[in-house]
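Next come two complexes built around subunit A: one with subunit B, the other with subunit C.
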Partner chain A sequence: MMSIASNSQPLLTMTMASAILPQLIIAFGITLALLLVAWKRSQRTIALFTFLTLFIALLANVSLQAMPATQVTQLLKVDGYSTFAFSLILISALVALRMSHSFLKAHVEVHDEYYLLLLLLVLGAGVLVASDHFASLFLGFELLSISLVGLVGYHRESNYSVESAFKYLVLSATASSFMLLGIAFIYSVTGDLSFNATIPTAIYHQQGLGLFFQLGLLLFVSGIAFKLSIAPFHFWTPDVYQGAPTPITMLMATISKVAMFVVLLKCIIAQRYLLLENFQLFLTSFAVISMLLGNVMALQQQNLKRLLAYSSIAHMGYLLIVIIVTSAQSLAFTWQSALFYLAAYTVANLSIFIIIALIQQQNTSSLYQEDISLTDLQGLFWRAPSYALLMILGLLSLAGIPLTMGFIGKFYILSQATIAHAWWLIATLIIGSAIGLAYYLPMIFKIFADTPSDTLCDTQKMNGKVKALGGDIIEQVLVYSFITFGLVFGVLPEVINQLIAS
Partner chain B sequence: MTLSLIMLALLITGALAWRAERYWQGSAKWLALMSLALLAITFAGFVINYAISHNNDFAQLQVLSRINWIKTFNIQYSIALDQLSIVLIALTWLLAIICVLVSWREIKRHVGFYYFNLLLTIAGIIGVFVAVDMFLFFFFWEVMLLPMTAIIAIWGHEKRYFAALKFFIFTQVSSLLMLVAIIATGYFHLLQTGQLSFYYLDWLLLDIPLEISQYLMLGFFIAFAVKLPSVPVHSWLPDAHTQAPTAGSVLLAGVLLKTGAYGLIRFVIFLFPQASVQFAPIAATLAVVSIVYGAKMAFAQQDFKRLVAYSSISHMGFVMLALFAFNSMAYQGAIVTMVAHGLSSAALFAMAGMIYQRIHSRDLADMGGFWQSAPRMGGFALAFAGAAFGLPGLANFIGEFLSLVGVFQVMPEFAIIAALGLIGSAIYGMVLFQASFQGAPKREIIDLQSRELIICGSLLLMLLAIGLYPMLLLKFSFGV
Partner chain C sequence: MTVIPLFHVLILSTLLFAIGFIGVVARKNTLFILMSLEIMLNAVGVAFIGAGSVWQQADGQVMFLLILTLAAAEVAVGLALLIRMQKKYRSLDIDLLNQMKG
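Showing the complex of A and B:
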């Protein structure tokens, strides 16, 4: 095995550096932020600084979109797909940053750690999407998990913070150790940790160490499935979604899902695991269980964040179909489907969580965020039409109704499954979507429902608040721009298709 | 281009009406009425102008525009017109105006938003009738569904959420099956010609082996059978009709059900002729069961609107039976029945709405003897009930007669059982009329006012015109 040091080429050339420029900017930003904290502790400064870092990284990342795939040492490989995924991650982080602002303002303390953790989380995700090696995968995975644990429990005084943070910490650590063991098993068979390692074909035929290899693979995938909240590794999801501060739930629903899914797809495609029949069987059963269980469990939820947690389980089930039905001839299409679906999923989740955060801001009288239940949506359309519109768009997108990106995403998945003749998966998807409608639609009806007359004075108070909030231009712009994004990309998905394909 | 602009204009005036209602109360309905009338005239002008300048009678599909939309899947924005779609769009315009008129006083809450939804539904329906790219068709198919569901869920009666949910889930699940069939056919095109295509005219040239096409056909068939509706997937219809506001019922019965029949004609029978012939016995059986079951259920109802809703199932059964007879006479009968049912059921639902506004009940037990106080209303009600059970001289008679004659030549046993449905329709028609207008007067109601006279009068006029001079419709071949 060739060690890195004996490589005759320089370790890091300029092309490599420019390929991982966005990640470097974030890393540099983290160091600077630490210095900044030492120099001046001010909420305003650090928020602005974090914003700038993320924004510059986004600009750098967008400019990379047209670049050819570049291998950066053995560890990382930057290509169009990872760049696109990283753009999604950065956008989500920017939105979450803005939504965190007001709830952090409610405290007297200065929250430097919060912003540092946010940046670390983004860095972890950035390493994950670009990783081409089990080592970098694990590095990114841990960066992401540990900073998320910190963020989930950030609200020390909130009722749920200890419970949910602890739950997340324990389960996340278990998952990482499973994954590490799995990687070790895989390494013991292949002797190489790179994704591009050539695996002896005997293993695919279950000869020799095949069984050992499969065990390792199962452990590895279960670690990632934990993060993706795929059933049966989903048990933490509803509790943590509910307990975490809303902007953090938003991050978990977007950044963590996008990064994990991209790296999983990358790994599976590169190592051709799907040639193993057992593995395919496992993934199929995961997908089917997730689709059905996620949707069925969401039906009875009254708490909005728990409901979204279950719906995210179902959506990850839909996405798994993309991996299961992929074949060597359709790799480009697989990437397109997966990334488009992730983009649609991210935009929809961002839209919904923006509105949840905004509603919480209005409702909350104490310093801490309360639970948000379905009844809080009652009559939203007549109180704050723009909020309601964004919420409805997000829900319709999750439900996969035309006019939204979610539909195009579903169209991609269905196309891929149809080509592969995966009729049973399609049937499950259709049943899952039908059950899904049974909770998405009542939410939309709630939004349209009239506010009961006995809370009329309450409504008027709300109206006053909405107007008062109208002064916050950034949030208004955010809401309107997401409405526009959702509609424009839903009707003209070709824009995004071109971005992914380039 | 003009057509696209018309649809766009509907969307824009809808949005305008929504905004305008905030500043001037009562402006939304006028805006909606004016724009519908104006756009209907524009549409008529466009069709006539096109027919003259191209010297074309629209017997074949005339492709009007074809623009690239989603290149990745070779999806185009392509729309076309032929006689079938023109007739159905004309019906849509007429009923759209009726819808605005019946909502004139009924809608009191969120008026602006109501008209926005109404106009959006109409734009979607027109889109369904003109789209010839299957993806675009599916797109419009769903776009018309959303505002319709909103109309039921926001302005409906007491159990509106349940009805709207049921309506949406039935339609959505079945249309997902259709989406899979659409995708599969598109990829079959890729296999056969090396080019992915969702273009209807490309698909017509495809030669799909029967063992594949029967499944593809089934995907489409289920979606349209739900919309039509046919037994056993009809159960959304009575709920949706009963709970929807009057205009919602009118639109639902008048046009939305016709999109199902339209889909059967254009996408099931024309695209998969072999598979449809093979499937015909099953479809015809379902149709006959719908006819008899619908009629039987109708005269067991106590709710005015529910009764009319079940009668719709029965009437649409005739359409399906006629279509699967593969006989040109039955085919023409099916189209006349579609138009006639659109008019007569719309009229009956409008009537139900007028009674509801006066007595705030849809229960037949609360009605009776209205003839005493409202003879003009009674006269119209009798005429519409007559239309529903196929009284000669009115349009439904022509449609059902032609259908039955056509079916008898091919499948006599089905025609005989279907004819039983006519007896059933006479019973429920009379039950409806007697329970509401005859008997001891239960209370006094106000007779028709001028706006309502216009609604009833224009619908009756159309029914009479087609009934007495069926060549209005029969002179077209409708692509056969």
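Showing the complex of A and C:
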């Protein structure tokens, strides 16, 4: 920051401004949205405005894809990888925006705050994926987590809102102070807050500061691992997933994970931390515990959202492998496999959560009760075939069955790990995936099972369901387009590869 | 003038951080949990200020300002939740927040 002030060149040139155009559009949109709220409080207007802001930002972002890597002051660095990740984030935000609609419509109140928090969340994620400095990392991290706390506890009427929001607040604040203490320790040894700081060897061995450096590294990674819900720091995940409104759970499963993982990978690659053997050992144990524990715990779950929470823990464990084996491979390949896996994971999660939200909105009684159990899936195929198809595609992709995106993503990770001879990690990944099948497949069987229709009351409810499951036209389009995404990208992964590589 | 070595500053901030963390883990009253969180954040602030003064850079102080902002934002959200909790449960005991299981 001091060196920026001493620079004679202008702080922000046109090239820089155009590189962070999507983030600027979102930031500008937030300001305008605040003014809009002061002018006219209307659900329709603010929803439309949020949609437009996100959509324009997405267009601007897609047009940036071919741009060469640009350093925007010390704080941000925009390259093809961060642009791709931001596109994923914006798409998830658009889907979540649409799925929130029916939740918010049920109220007399006008929910301006919800849309503002959503935009702030996206801005935080945008800063995070582009950050190249610990200060911007910190700002993005907090923007993302504090707006997420607000969104998790948004439905005051819900039984779980206070509980899940408070749990998330306390644990996320603890995690961010761990991360900050880590950054402070790293800074006190290196004297530089940017990602590509070098470790001065003279100081490293002096006065036990080397110990503080390693401790700092560990604290920093645990702070981020908390957000990614990697195993020893995963305790909040099931409760918060269950207690949050479904669109928000969707955001937590996609946006927050993508942004955090991208920034972690960026930071670790830039700092070459992996040369430290202790560090590699820690990451390996985190990955192994996550893969096993996530999958085993998911086996016992009856609640759909809790199950997905545990499955996300396992998936983050798989992704950690990419980071661990990085040093043995070229960086382009690492980025490609990480981003492909993230894309597959995002599309699969969005598909599943769209269906959960649609099932939930069919009966208004469960609108605020966030529980949705596996039995709600029973006979989904006979009630709404297109929804069932999307759900099955999502589940198969998470399980990593061939001809889905998830399979290609796992294949990338496996091939990378094989080159690095990380046999233990490969063995755990295979065992984890096998356990995973034991809960993904029963869900699919359940979708095809007969509809339980015993009493008249039930039948009536069923009729209501059939009608309501039609959804409106936009939801239909959303469902069909995600089915197409899943099928096309599963069969032709090259499309995404070229997007990442360009 | 004697200079305080960086090592000592870091030890101090680690101790403060540990005190805050123990508070978060051991306290039952949610208000005290929020206060302990503040202690943790301020411990980090001490480390940043110390490191910044050793390296003769403004970065440490800038980070501290950012941390102060974060602490304010976090407490604002936390206190709002605390009011919700008081209204709903008539108590601030953290053990009441245990409805979700599985």
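Everything below uses one rule, namely that the second predicted complex is superposed on the first by the 467 of 502 C-alpha atoms of A that agree within 3 Å, B and C clash if a C-alpha of one lies under 4 Å from a C-alpha of the other, contacts with A are read in each partner's own complex, and residues count from 1 in each chain.
Simple rule for what comes next: a contact is a pair of C-beta atoms (placed from the backbone, for glycine too) under 8 Å apart; a residue touches a chain by one contact, two chains touch by 3 or more.
Note that the structure is a prediction, hence the values are computed from the model and not measured.
Once chain A of one complex is fitted onto chain A of the other, the partner contacts of A:301 are limited to subunit C, with no touch recorded for subunit B. Touch criterion met: A:382 reaches subunit B, while subunit C stays clear of it.
With both structures placed on the common chain, the touch criterion links A:286 to neither subunit B nor subunit C. Contacts of A:353 after superposition: neither subunit B nor subunit C is touched. Contacts of A:430 after superposition: subunit B is touched, whereas subunit C is not reached. Looking at the superposed arrangement, the partner reaching more residues of subunit A, out of subunit B and subunit C, is C. Residue overlap on subunit A between its contacts with subunit B in one complex and with subunit C in the other: absent. Residues 69-73, 109-110, 135, 138-139, 142-143, 146, 149-150, 153-154, 161, 164-165, 168-169, 172-173, 176-177, 179-180, 183-184, 187 of subunit B are the ones that touch subunit A when the two sit in their complex.
Those residues of subunit A that touch subunit B in the complex are listed here as 336, 382, 396, 401-403, 407-408, 411, 414-415, 418-419, 426, 430, 433-434, 437-438, 441-442, 445, 448, 450, 492-494, 497, 501. Only residues 1-2, 134-135, 138-139, 142, 146, 149-150, 153, 156, 159-167, 169-170, 173-174, 176-177, 180-181, 183-185, 187-188, 191, 193, 207-209, 212, 238-239, 242-243, 300-303, 306 of subunit A touch subunit C when the two sit together in their complex.
The part of subunit C that touches subunit A in the complex is made up of residues 5-7, 9-10, 13-14, 17, 20-21, 24, 30, 33-34, 37, 40-41, 43-44, 47-48, 50-51, 54-55, 57-60, 62-63, 66-67, 70, 73-74, 77-78, 81, 84-85, 88, 97-100, 102.
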